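Below, chain A partners chain B and then partners chain C, in two separate complexes.
Right after this comes the complex of A and B.
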């Protein structure tokens, strides 16, 4: 029963080559189709949208979301969920603002390392204490917010020295914002590392059937801790990007990115049940979500509908991508 | 491999909680007493009558939210929709009773309509779970976003301040030293207990959490009961949203912020297992008091109130870890 399912991810890279049947192939292209359709719709609604300037602005805003979603995708691929990414990113912006005067140029690395460490702690709590991942990360979310509020005294901290984040505001080849370029590089590096090492198989095996993977000798626990670590590191990087845009660190800065990030993952087509999906899909998903975000005002929809749309999208996308053969009773 | 040991384990563990008092049932009340005594010893402000009244009054909203979430947790599902549902109900009720935004003066009917809206949102969570087979933490996350969106739409940039007499009296008028809000919370706990104990809905919610497959195989149509449980939970959140509006005398979109997590914490600390089939309303009520006493006590001894969420996070992780500890060897798979 599970053999044909496992055959699917062998056909990666997903966006380029699809599953076995034409229907599945179409489904795996869905995020790209949605992206193109959205772009077309927005261009029809406002012909000025398809200009270099507004597209550059759009992908620049998408950068932190891409990074956040990419990291959390690994956890989802393992069959878990990381609900703490946004709170961890907020905490990291505070770290960045507080550490910058002392650490200078090393701050970026220090923040990413700290976030990765915090992610690893969550992963260890998850595998050692056997607490479901959403409870660990829900608890983490609440703890990180509290720590951020306490150390920042519940207010934004201005970043005066702008040199440390200046590089993120540059443009590659004159058009591509550095932040987005970095985000794509991060996605590419993670994807490449997964591809060139057994990690890809480990993660997929863990996601599809954890007990089978364990019996086959996959280091399931280490893979999961690794996924949480990368997720944490990505939250740290996203925080640096946010600071480079806002010139301050704040305990609630990234909090509203949780829903878009989860939406990006599921819209990309990564199954919430684990195993099926890829990090590239989340890149496309994040772009779709960003286009929706910047597009709604263009079409004249009040931004209040944005939340409703996220909610509907999450439920619909999960319903479409869920692997029903695996879960007999849905809790 | 481990099945014989497992069988013995299950057979030995099962009858215990039915006999009434077990460590699992008596632990949380004991913890409550210990925490209360400890804080009383540490702070003289804490052990005043006024502070105890204060704790009861601030616990009211959380108690109502926890009543709702307990039924969902008993089924083994999870509900993250409280912030959205409460926000929508809070704004809705503010616009339906006498207020500064429009001419509505529906009074009690307005309150009921707001609760109905919340119940409808809960129903949507349940339907998405049952019909689309989307896991509950995803459907409720989605419904929470929808509720916040609805609340923002109704809010429309101008804060609705309520002028309704009944609603305004809830937090200030007192009966036997406790505010009306607290008595409403008591009533909710009582109603919740009666539903849990004496109705088919409550009994089935327990059974679904214990062994859904068995229940389905014995011919019970599980799906309608699941939807009903989420609807009931939504109604409780709605009432909680109304209560927040009465406290603030204004409808706010963020009325329910943080209540989902606080309620899960309270339920888990009270002894309701996240895997379902254990615990109940009375357990959760004790859990609510533990959380509130802890929150209040920490502030009284001089800990920054910003730590509140962090303390809850630590408690929930610790409580869940302690609850799964006996079954560690049995479930190898944790998602």
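Right after this comes the complex of A and C.
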């Protein structure tokens, strides 16, 4: 046996990287696993489901939900919640229908800008007046619904000129609905901006510990207002998608999307307490919710049960993901 | 097994039977031996000190004694009887109670309600509070410790010291459950108190000894020696010895705790030269007033460490926060390096080159679930960005450099900061202000709170280095000794006013007594 020429280095200490444990890794893939399992289950229940046609239909209907959930995720990541998204989207459909005759091609941008502005106002109210986001947006929800009813005379407004929304009904590469494509692009752009800039750090710090973030000199207030603004803009975009499908604006059109959007966020695994999560997770969560939605009739469950399911999913998902060791008191 | 007591004595335990005895207690956590065969004897009517650095196993031992942690092996004997403690209630039934480090009173209840909370007994009849009975029960408890606190006072109107008395009165309720004189555990009881309040607490501890045994835990060795009869020292989860406090010096204890002779120059006072020339003024405060302080004048030169001392409620913490823009001010002018300072937000303070290390490290100082690297670059984003874009490589090399420079012990820069020990966490929090190299004024609010001696010494050395490089420092020290040891000058605050400036040059330091005279 020869002695090695180069001295063997002393045994390296086992470096424990601070990454997730195997269990955490598994839970972070849970939404994807759930999505695949759901797809498999639906295919077993109805072999016709796994066809290009029905899948295309499913992801097309998911687009407004994806966009709504994506925007609201930012607010949740900051440690707040935006309950006004659905009502704001309904109001925005009314805006769209009313403004289209005057603004024509600019209507889409105008509606998104208006919704973003309304979101920003909620954010400013939350930050400046120091009112919990839950209360601000609950109030906002009620106000937006009422305003939508008033300005629309409590009824749907038909959209005659379909050119302005026609592009959303096209297909990318023949199979992918444009609305869904836009939704994914929105998610990707937001995710990319977060990843490439200090915003990710700012949002995470604000969500986990607002006081620590503030005392570290991060722009907590601006980040929060920004999150509400993006959430509002997303509600505006979701509204345009809804109009493109329904050819009308209505004061209650998006109202039934609030619960699915919140469900999408928590099913995706974003912590309702803030800090932990991502916008991609909400995309997966929204797809899971959409599959449930289109799948229930397939397995013969009346759609009246849908709301029960959303309620149960939200509670169950939070129960599974909430890290109770970090939450001292459950309020 | 035959307990060391003579069983013939019957109900009345022999005075030599220990009130509490721990034999070869072992507790493993994944990757850590928290307790590695600890032995401990608490005699009847004695005050036993428990000393040890962070991670020596003190908290685990205490938790095992009140049933919050179940040891893997080993025995606990109470008055000659082997017991198993599976919950706080079981421990209380054996007469063991603990006053927790974080105060555990409900602020909007009266002292009386807090004292009987959870053990209302006759204070509740048919599910309804009997206020008069309850007040009497509470008064009985307060009488035991000779306190004149009004049992009907709301807890949040009481001083910290009074609240501590209420906690002790509350813990003594366990006498109702157990036949024996109680064993009272005080975990860091002085950490929220100022020196005068500490004296009151010590009087109380000595009074407790008349009818109970006390286990006293504190980071401040002088306190341990002052109030205890004996001190048991833990190191690395093992008992390393006992010291009778009569005639012992803090240095003796310290040596046992760290296992070797520590440097005599704990504060690195001699290691750094301070120039005799007048220093360039950096921070200048004129007539600063806020909610809890008024007309504060203060000057800090570049390279100078100025300690602010004062009792609880002196307003010194608020002055510090006001300088960082985290507390509103009403009047006054502050200039930094000749420029008027904007006190409206923490953002403005950061931009001006001010850094702040808050006292509550875990809540305000760091974002626990975020990585060491992200915590370190949280404030000075420009240090890891090119324009608005984060450069991961720039960040990792910068962070690795500071990890090495401050010898931060972390498995990896990507490790969550909450997995590090307190001293290493604090170094990351300090590094946050240093990475961009633009720091001019550091505000340190109890920077060594909860750190063990080794980590403290490293923080002190870092403070010296920073001062040497021209950073002005305002220090709210954890103890008077620390303030004296580290500061070049000390400002005494009392009732929201800066009442006295005490020079504190190396080699001619005032004594703690000199300062206490000015503080009250």
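One rule holds for everything that comes next: the second predicted complex is superposed on the first by the 311 of 331 C-alpha atoms of A that agree within 3 Å, B and C clash if a C-alpha of one lies under 4 Å from a C-alpha of the other, contacts with A are read in each partner's own complex, and residues count from 1 in each chain.
Convention: contacts are C-beta pairs under 8 Å (C-beta built on N, C-alpha and C of every residue); 3 or more make two chains touch, one makes a residue touch a chain.
Because the structure is a prediction, the values reported are computed rather than measured.
Engineer: Look at the residues of chain A and decide whether chain B or chain C touches more of them.
Structural biologist: Chain A has more residues touched by B than by the other partner.
Engineer: Which partner does A:173 reach: the first (chain B), the second (chain C), both, or neither?
Structural biologist: After superposition on chain A, A:173 lies in contact with neither partner.
Engineer: Could you say whether A:214 touches chain B, chain C, both of them, or neither, answering first, second, both or neither?
Structural biologist: both
Engineer: Please work out whether A:146 is in contact with chain B alone, chain C alone, both, or neither, and reply first, second, both or neither.
Structural biologist: first
Engineer: Using the touch definition from the top, say if A:154 reaches chain B (first), chain C (second), both or neither.
Structural biologist: After superposition on chain A, A:154 lies in contact with chain B alone.
Engineer: Which positions of chain A sit in both the chain B and the chain C interface?
Structural biologist: Overlap of chain B and chain C footprints on chain A: residues 211, 214.
Engineer: For a test of understanding, state which residues of chain C touch chain A in their complex under the given definition.
Structural biologist: Touch residues, chain C against chain A: 324, 326, 346-347, 349-350, 356, 358, 363-372, 374, 377-379, 381, 384-385, 388-390, 410-412, 414-416, 419, 432.
Engineer: Can you list the residues on chain A that touch chain B in the complex?
Structural biologist: 79-81, 125-127, 129-136, 138-143, 145-147, 149-150, 154, 210-211, 214, 259, 262, 266, 272, 274, 302, 304-315, 318-319, 322, 324, 327-331
Engineer: For the complex, give me every residue of chain A touching chain C.
Structural biologist: Touch list, chain A to chain C: 15-19, 195-198, 200-201, 204-205, 208-209, 211-219, 275-276, 326.
Engineer: What does chain B use to touch chain A in their complex?
Structural biologist: Its residues touching chain A are 75-78, 84, 128-129, 132-139, 141-146, 148-150, 152-153, 212-213, 258, 261, 264, 274, 276, 304, 306-314, 316-317, 320-321, 324, 328, 331-335.
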